[in-house]
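What follows is a single structure, written as structure tokens, with notes after it.
Think of it as A, B and C in the order they're written, each chain with its own count starting at 1.
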Amino acid sequence: MLLSIKDLFVTYGAIEALHGISFDGEEGGIVTLIGANGAGKSTTLWSIVRQIKEMGGKVDSGSMEFKGEDLSKYSPHDVVNKLGITLVPEGRRVFSNMSVLENLKIAAFGRKDKEDVAQDLERVFGIFPRLEERKSQLADLLSGGELQMLAVGRSLMNRGSLMLLDEPSMGLAPILVQELFGNLATINKEGSTILLVEQNAHLALRYTTKAYVLETGTITLSGSSEEVGKNPEVKKAYLGG
Amino acid sequence: MDFAKFFQYIASGTAYTVGVTLIALPFGLVLGLILSLMHVYGGKFLSRIMAVYSTIMRGIPPIVLLFILYFMVSGNINLSPFWAGSISLGIVSSAYQMEIIRGALLSVSGSQMMAARSIGMSRMQAIRHIIIPQALRLAIPPWSNEAAIVIKDSSLVYALGVPEVLRRAQLISASTQEPFLAYITAGLIYFALVFITNRLLNRLEKRLAIPANP
Amino acid sequence: MKHRNALLLVILLALALTACQKTSDNLVVGTSADYPPYEYVDEAGNMAGFDIELMAEIAKRMDVKIEWQDMPFDSLIQAVQEGKIDASISCFNYSEERAQLVDFSDPYHTSEDAFIAMKDFTKKFTKAEDAANYKLGVQSGTMQDEWITEELIETGLMSESNLSRYERVDQAALDLKAGRIDILMADDVPAGVIASQDDDLEIIYKEMLYTGPINIVLPKGSADLQAEINRIIAELKAEGFIEKLAIKYFYE
């Protein structure tokens, strides 16, 4: 298993957000955690990338392993730099006062392999041609879809082996969502494992292989995305009938 | 009266005016940047100290601070009036520059810090590579204003005996009884310096700005 | 490249300006060169005046190089006290307050107080205290300022709101012409210069009040320097040097 989460308990002060969740991510897979707002999806991602403390939360118990390594031994930046786990945060957080190109280049700030960086940049522009068209534009002035592309592209520049995405479809027009998820499929095919957190279950189940349903801090259902999509409870709660 | 010599005498103070500004402004910038970082990222205790520093420094007229710093602080160090005056003005300006940069840091911060962490930067790296560059870019327009103020405040070092433009205008007006001509000359020199500086900073701002529609 | 040039400029400028810093074998003398004919800058921008020439001669006889440091009159005493300058010559009268802060040399010249008014001034002015009845102007920090404060304001003869204090005498003269003050009180020598340069103004009254002998100001505890300067002042008096200098600056 590439990623293995067991019995994870997370609290924000007196409030328990995750009540012992367990799930796995297979190498090369594309996994989704679906659930309503407040179910604990983002909390899970922040715990994995070790940024839960900055969010005011705390991992109380449970284990998180990546390639057999205990994640709790890594600092937030080593999670990215040493383990290659990258988070594309919710809300398309890019560096708004920098150009598109600067945003991409700065993501490779720690890398010395200049030629490979240039290649990766080509790759990002290959996947997202719109970003190349707008590379010298201020990131602040991009459209919502372009911002999400930039956030994903930036995380690609880290050469991660596991990409975590927090609500990438939020606030995007359907056509852009289609385009973006098509791009994610390409990225997955090229070798990155993807863990996707989504409120839009319909979409998430269509593009992923494995799914977990998270309800108020507990995993209530898991299985292949196809199976999960057929479950009557899930249909009723998330797929509009 | 020899007018050429009259103007030349006042104008030769420009080197001091420019010199004082070129020391005070960068000195205040470096100090202001450090203080603003302590203010924003240094935790509650440091933040409070910085707030007090800022309030005190900005609440006292620059000329008063100049005398205090020159006569008290540098009492034991043998600094020339030029250096003591320049550094004192730099300290005065640091409080204002701290506020300018602090405002810019706060307007960048927040989500940018999170974005930086998500690409694998440590807190320090995020501040250095993400927050500061963006904040400084945002700070240029208010900073140009402060630059103009420092140029004008540089006239205050006359009180310490630096023969800059204003002091020279005073001296020549005392010996020639031509105060209006002397002060108009000094005024024009200050105006020209502020004008040129603003132009240069505008150009810098445009060069650093990222075009909306390239 | 451009940045490097700017940096170089700063460094060069700094070096150029520090080149004239205080060094051990120079005598750094402070003055407020805005008080002709005692001290002022000439057209070439050099220090000139009675005090300047006298001090230069004293330094010559002491076999030291003099380094002039101009600063506003108000800053001089403190600069001497703090050791920023070695001595100050700037038409200083002796006073007990000042003597608590600094030492004085023997007097090298004696001056009087003068009251200047517009030529068309016709009101009563027969003794110094009559000044209390008019709007007065004075250079701040001078003995005249002290006299007005102690003898006119603190005694209740006049209200402080009728007194304007100026950083320099020439500013006061402008306000006198503009009618913002009626009388300007100053040392009689600079007062004479102002009255002679301006046809509208004249000295209407003179008396030795708080002024009188003028001295060189020295830091506390500089007995050796004081003794040497006193010896040279006595020498210059005996030779008639100071008298010649006074004629050159005050009466020609």
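In this text, a residue touches a chain if its C-beta (ideal position, glycine included) is under 8 Å from a C-beta of that chain, and two chains touch if they have at least 3 such contacts.
The structure presented is a predicted model; accordingly, all values stated were derived computationally and were not measured.
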Chain occupying the middle, per Cα centroid: B
Distance-maximising chain from subunit C - centres being C-alpha averages: A
Distance from subunit B to subunit A - Cα centre to Cα centre, in angstrom: 45
Separation of mean Cα positions, subunit C and subunit B [Å, integer]: 33
Whole-Å gap between the CA centroids of subunit A and subunit C: 78
Contacts with two or more other chains, residues of subunit B listed in rising order: none
Residues of subunit B defined as touching subunit C within the complex: 1-2, 5-6, 8-9, 12, 15-16, 18-19, 22-23, 26, 67, 71, 75, 78, 80-83, 158-161, 163, 167, 170-177, 179
Contact set on subunit C toward subunit B in their complex: 9-10, 13-14, 16-18, 20-22, 30, 33-36, 40-45, 69-72, 74-75, 78-79, 82-84, 167-171, 174, 197-198
Subunit B residues touching subunit A - in the complex, by the definition given at the top: 108, 111-112, 114-122, 125, 129-130, 133-134, 137-138, 210-214
List of subunit A residues in touch with subunit B within their complex: 49, 51, 54, 75-77, 79-81, 86-89, 91, 93-99, 102, 106-107, 109-110, 136-138, 141, 151, 154-155, 157-158
